[in-house]
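So that you can tell them apart, the chains are marked A, B, C and D in the order they are listed, and the count of residues begins at 1 in each.
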């Protein structure tokens, strides 16, 4: 272990009163996969951003290949052979996948030679088992595809030290598997990988060493071989984590949501929903599995009212939803919705925590009085309560959401939507970026609410999460439901076949 | 101590900026062969320090502030209203049309009707870009900009054709009747009630933006329209609403120029106030209360500059360059913040070390 | 003589425009030199600032305050009410009062004479008149020009264009080129900065043209036939001299053609002798009131 | 009016006039495209044109050579664009305020300097300028030849610039960087592109281009400098950028459209003296709005225009 590729020494970083990193010291050996674990807001992204030149440390040293370096910009980081996949994607909407990937690469001729790049890219993505269309506009890609592009962008540059900040949050299990194969190959080629994730099995699976962070400091550093997921969870959260798939107290009630032969057009003008039928009952959690981009996002949007449907019927309690506006669905029909793109849709990044907590109920009591006058007292009380309950790490309830960690951003949306007391809750990728403690809490809360009669449509690419809490599971493929089954009868092979488009009978 | 001093240095940044700009301007004034000290004495007294200067400044606050608000309000929902100038013209046109055709009536309802007509004129003119933006997603910058030229020509046509005063040597309309003049708030000057009304409106809008759900919705739409839609806000309605109310404010500015100052509709009656309004809105960062300050500052600068020309004879070319320098420097100064400065970082680090040292010392004592 | 006599002028545009504003500026500076009075000027005074500018000069003790241009009529009248001790003057105006005088020319006469010369030098089919805006000077000159032209060629077509911008040189040039392309073989432009553009166009296209306000023959001998020298410089100096001597009254001073200030410039040698003679006779008749327009 | 359609000479004259009116706009618009594509709204085009015009006049006045004037004009444009870049890129001053301030400053300083350097001769004495150079063969094409290929060097330069800049914008890595920076500067920063560098380059370039528009005014069109001779052309160029959807060819065509309608309105007045000329004067503006409505497609505006980028703001 003498060959330290990277040494972070006593790095400190404060944002005003928040000490995001204090005296962080980590040794990363060359040719290893080094995982960094920590609860939401522990300071992982901050640390990586300092390493990548996006942030400047207040104090401390970065020693790369035995020499102290000052990384004052990402450009410098790239020059030093550091590459990074960011927690929040860094894609330029109107550019194609190829253009996004070659953007800023040094040593290119003045004339763009997209053809050559495209070919190499196709080769690379095939080798990695990533299906990406090089000519497609980045803004039109589903989230999962965007993540693949981000990874390719990083790998394409042949970096020596690769930082991965939650790279697998929206990859399917198969994709994750092939991606890990790639990482192992890179490791074999003596590249060093810094890997942040909340998925403990990934840590166990891939890493050589683990650093655990809490509240800005390193609490433990251990060999992966000597530990286990339970211990890691405890080190991270500071207590035992129990997935308490609580007993079912409430009963499944009447039919709450019913979709019949629904078709809807997607972002690319494609037929995103293609004759989809689906029911959700009161007191029931229906999981929707499927490879990202098969119409799940559109399904959620149709129910929430963000996207019109072109035919079929969508009914709540037997009443057609089409005439209801988004705000009526939120206020009167009490349909909650956690969108998958939290930064673009779910949050107003420039506004504070409190404002985001009332986003969907801003024009109703308890947040308004005398008509449309805002009641700041109520807004603050609500925000304080939710911050407390969901353990959101924010320096104050006025702190702009932009400056919260990814997991804490997600928690705000979840808190807001769940605590509004919806009858029907549509959640898309709800646990993306949450630490294990938070996942436990969210799932338990959902179950609690289900027991009180709430219907939940739970869309996720993480099969385990779905299986853990849903009462029923459907699989989507190309805008249709290919199968509906109970969790206990769902084997991963069977679901895999359904996700690949085979119908129930064939599966 | 040092920190307080530094903080105040930063807080007064706009003052330093003005002084720096004036210093550079002094160079130009000397180059032009005039005495900068005399010139600047007149600049300040012509802006804020004597009765006439104050009155001239107040007379300009009315159009500048209203135009500033007309830009600031749509800015909240993320729209650039470059068209305040055209809206001012339409406001003036509508107000004088009504004023010249109104049956005899008491002053107050008459003035209200004319002002209302001005607002309607501005509204209608803003409605065009608003609808095109909301329904066709046409860039409002270009549409409002182009409509300015159309409005100026419309007024030009009206006053040189159908509304031209008998025997007038220049395109202007008949005088409106004296009962419709806005009250003068400083005797023997042009300072009319418009400025006071504008300040009141600024406060009203401030309250609306800060304390109501509508204001919150506008801010949300301005910073993330996707999230706003998700929150059930009607993006379209707010876009149209903000633009149209902005237009009404600019229209009111035009009406006040007629009712309070010119008392006739003139060809080219607005001296680019709509464009100055953009500067007002941005210097104030879209805040209506700060707009009052920004408008007063610009109004003072304008009237002081005019005095400088009259009293000392400083050429208008130099004055225009100095005005540009002042706006440049003041705008630039807004970019400096204490929190962001190297000073703040140094001081913070020192505090932290001291705290750490203190801990160490305390620990030693206990031990 | 303890207190010097003081006069100020307020102008709407640039004092370097070679045209309207420059005559105002040169008028007041000449008065300073020739009469030894104290003067001040403001240029580029926008509409909303007119009244304040005039009033301020009055407050500063100027004896005569001039608003240069018809757009000052209103502001001058209102300033005059506020400052009864000051004599206000408006050029191109038509108003008078206790302390308000107007200084203007009989524009139509000038237009008529220019039209007469133009018609004599033209094929007689098409002529062009160019200005920026339909203000009184422009329309009076236009009417006079048309009538004067028609007095020789009653059938001729007079093309008229208004550019809407007194100072845009490029646009003025295009407009003038357009007139020529449409067949005008002589053009009469009335513009501020734009004048240069119009004269250039005439010169490039080899057609005749005219100057206005000042004699510009010397600067443009290839194209300018004659200039309608409605010389406000002289008019202003004369008026200020009168005012200093206490003889100026609140009345409209309308200067006819053939006066000191209102005359023609140098004749282009291309104009035949007989036309020159006829023109001079025409001026006599207009000046003497024999020919009423 | 009919004669434009029937008489080839009339048509030639008309289109020539339209072309001349559109050239200064086109230079400025091309420059503006670059700055806007990189994410900086350049409302200072007006002042930059003026700076170019002033520089061209002064340079030619002092040396007697229009080429020196051209170089001087270009330099003035770039020089004036520098504070604009410092303000809006480095200091993060609101881009619109910065532009307006620059315009105000340019208006004053050019007039001031013109009065003290060239004095009264600034707008009487005709300066040397560029002459028409008919291109062999091409200029013999009926109508078209006389319009497009009997022009001076600046116009030919523009012909070359339009395709060259299109190529630069869409077929080169520089162009890719510019477009990306204007859309998502954060992503570019993480990809190792210097956001400020790209924006500086684009702003200075746009200063030079707008200045060329000013040079054309002085050296090819009227051969004098007159105060505020830009007369709003910078703002029209801004409109043309949007109408042309931030594409060099589109913007050039949009400028041509403005020129056409401007020439048309001057001409329409003769035939219809009973219609007030103000109605004709609004023609270019109304036509552009209509063109926008009719041609409206997807809004392709660079998303980051108007927003200052500071790495620390995230």
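Everything below uses one rule, namely that contacts are C-beta pairs under 8 Å (C-beta built on N, C-alpha and C of every residue); 3 or more make two chains touch, one makes a residue touch a chain.
All values reported here derive from a predicted model rather than from experimental measurement.
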Of A-B and B-D, pair with higher C-beta contact tally: B-D
Rounded Å distance, subunit B centre to subunit D centre (Cα mean): 28
Centroid distance [mean C-alpha coordinates] between subunit B and subunit A, Å: 44
Rounded Å distance, subunit B centre to subunit C centre (Cα mean): 37
Multi-chain contact sites of subunit B, meaning residues that touch two or more partners: 153, 156, 160, 315-316, 320
Of all residues in subunit A, the ones touching two or more other chains: none
Subunit D: positions in contact with at least two other chains: 111, 115, 227, 278, 281, 312
Overall pattern in which the protein chains touch one another (line/ring/star/complete/other): other
For the subunit B and subunit D complex, residues of the former touching the latter: 28, 31-32, 80, 132, 136-139, 141-143, 145-147, 149-150, 153-154, 156-157, 160-161, 275, 278-279, 282-283, 315-325, 327-328, 331-332, 334-335, 340
Subunit C residues touching subunit B - in the complex, by the definition given at the top: 8, 40-49, 51-53, 55-57, 59-60, 69-71, 73-74, 82, 92-94, 104, 133-137, 164
For the subunit B and subunit C complex, residues of the former touching the latter: 52, 56, 59-60, 63, 153, 156, 160, 167-172, 175, 188, 190, 257, 261-264, 266-273, 303, 306-307, 309-311, 313, 315-316, 320
Parts of subunit C lying in touch with subunit D, wherever the complex brings them together: 14, 16-18, 134, 159-165, 167-171, 173-175, 177-179, 181-182, 193, 196-197, 200, 219
Residues on subunit B engaged by subunit A in the complex (per definition of touch): 211-214, 216-217, 219-220, 223-224, 226-234, 345, 348-349
